[in-house]
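These are the structures, in structure tokens.
Consider the two complexes below, in which subunit A is the common component and subunit B and subunit C are the respective partners.
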Partner chain A sequence: MDQTRENTIRLPARIENLERLVDFVLSALRQAGAGEKIVADLHLAVDEACTNCVSYAYPEGEPGEIELTCRIGPNKFEISIRDWGRPFNPLKTPPPDLDLDLEDRPIGGLGVFLMKKFTDRLEYRREAKANILTIIKRR
Partner chain B sequence: MTLKVKMMEKSPGVFHLAPVGSIDTASAPILEGEVNRALAASPRAMVFEMAGVDYISSMGVRVVIKTKKELARRGARFAMVEVPPPVKRVFEIINALPREEIFRSVEELDDYLSAMQKKVREGEG
Partner chain C sequence: MKTNKIDGVLVVEMVPRFDAYSAKEVEAFLQEEVSSGTDKLVCDFSPTEYISSAGLRVLLAVAKALKKAGGTIALCSLGSPVREVFETAGFTPLFPIYGDEKEAVAAIK
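And now, the complex of A and B:
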């Protein structure tokens, strides 16, 4: 029997909704008994993914929606972030050059890099005109 | 978002900023606003007291890096003290701050700055 539990939230893709989106995930993780390290890592990953979405998915003046689905299974946590904006695969973002002196390093490009570092796997797919980024973290 | 930033000029030109809460996309502009207020006073050093920060995202890191760059451009110093482990981990992963700019406590920073000033005075003497 599949013991995976699934919860979904859909909100307008606006910065003022980021806190609700992140809190939705953190609360689901804590209810499922996730340790604080996992909660902290997924906090950062979900925050970065949602920030990208609300900042860049939709053209200015044409706000769309963002949907989060949290799947809690016996062995892993999966959070999918879906938007219906322009096609964008964040996994193709070039990594920042961490060897450059800070003074020479462009500010930016850190969000996706941090997401990769704080999760076990990231998957992207474009489906039915939606971008779907799935964050996977083992228990 | 829940972020409060306390700013103090602890000695002439040395501004301490103590953010309390989460530094994320929504709250990073609050910190940036306080940094700009301090920059307007032409500081010779800025110290971020981070003990009260429970979370930092890339947007918060950007504010810190931008502040450090601007201070370096002006020939002023930057330091962070009392950085909690989860916050420090983010900076370590992106290799963003040299070790000599992170101090365990304000006292450790004060000792370091006193030693630096002594060296400068001896060099001048």
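And now, the complex of A and C:
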């Protein structure tokens, strides 16, 4: 028997909805008894993914939607972030150079790097005109 | 935003949830302070439970602007989730970080 539980939320892809999207995941994780460290790590990863999506997926003035699906299984947490905007694979973003000093550090480019560091796995696929990024964290 | 001026140093309390949404307000506030002549700034993270790359981006931008203007920035009171993000992003060597507001003010006043 598959014991995975699934919850989904879909909202307009706007920065004003960032907190609601993140809170949806956090409460699902806490309800499932996830430890605070896992909750904190996934908070960061989901926030970064949603921020990218609401900031860049759709052209300015043509807001689309963002959908989050939270799958809670016996051994892992899986959160998928889906948008129907322009194709974009965040896993192809070049890694930042962490050794540069203040003057030379570019402003930005850290979000995807942090997502990778704070999760066990990230998967991207383009399907039916949607970008789907899945964040996986073991229990 | 909540601020306090101690010995010529402006101490600004950061937001509890320093994400891309709140970062806009923090950035506007701090950049306004820098352009109106604030040259000694302490960012107090005691209320901050969370920071994303958007928050880091703001700190970097403000530190660059301040440096250009000949000013100094220091951070204080980073909780452990915030510190972990700083360390992972390689930000700890970029900023002087102090245990509390008092130490930070004493260091840059």
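In this section, the second predicted complex is superposed on the first by the 139 of 139 C-alpha atoms of A that agree within 3 Å, B and C clash if a C-alpha of one lies under 4 Å from a C-alpha of the other, contacts with A are read in each partner's own complex, and residues count from 1 in each chain.
The rule is short, and it goes like this: a residue touches a chain if its C-beta (ideal position, glycine included) is under 8 Å from a C-beta of that chain, and two chains touch if they have at least 3 such contacts.
Just so it is clear, the structure is predicted and the values come from calculations on it, not from any experiment.
Novice: Clash or fit: what happens to subunit B and subunit C when subunit A is overlaid?
Specialist: They clash.
Novice: After the superposition on A, what does A:Leu44 contact: first (subunit B), second (subunit C), both or neither?
Specialist: A:Leu44 contacts both subunit B and subunit C.
Novice: In the superposed arrangement, does A:Pro63 touch subunit B (first), subunit C (second), both or neither?
Specialist: The answer is neither, since A:Pro63 touches no partner chain.
Novice: Considering each complex separately, which residues of subunit A are in contact with subunit B in the first and with subunit C in the second?
Specialist: In subunit A, residues 15-16, 18-19, 22, 40, 43-44, 47-48, 51, 54-55, 96, 98-99, 102-103, 105, 107-108, 110-111, 113-114, 117 are touched by subunit B and also by subunit C.
Novice: Can you check the complex and tell me which residues of subunit B touch subunit A?
Specialist: Listed in rising order, the residues of subunit B that touch subunit A are 1, 24-26, 55, 57-59, 61-62, 65-66, 68-69, 72, 86, 90, 93-98.
Novice: Which bits of subunit A are touching subunit C when the two form their complex?
Specialist: Where subunit A meets subunit C, its residues are 15-16, 18-19, 22, 40, 43-44, 47-48, 51, 54-55, 96, 98-99, 101-103, 105, 107-108, 110-111, 113-114, 117-118.
Novice: Over in the complex, which subunit C residues touch subunit A? Could you list them?
Specialist: Residues of subunit C touching subunit A: 17, 19-21, 50, 52-54, 56-57, 60-61, 63-64, 67, 81, 85, 88-90, 93-94.
Novice: Mind pulling up the subunit A residues that touch subunit B in the complex?
Specialist: My answer: residues 15-16, 18-19, 22, 40, 43-44, 47-48, 51, 54-55, 96, 98-99, 102-103, 105, 107-108, 110-111, 113-114, 117.
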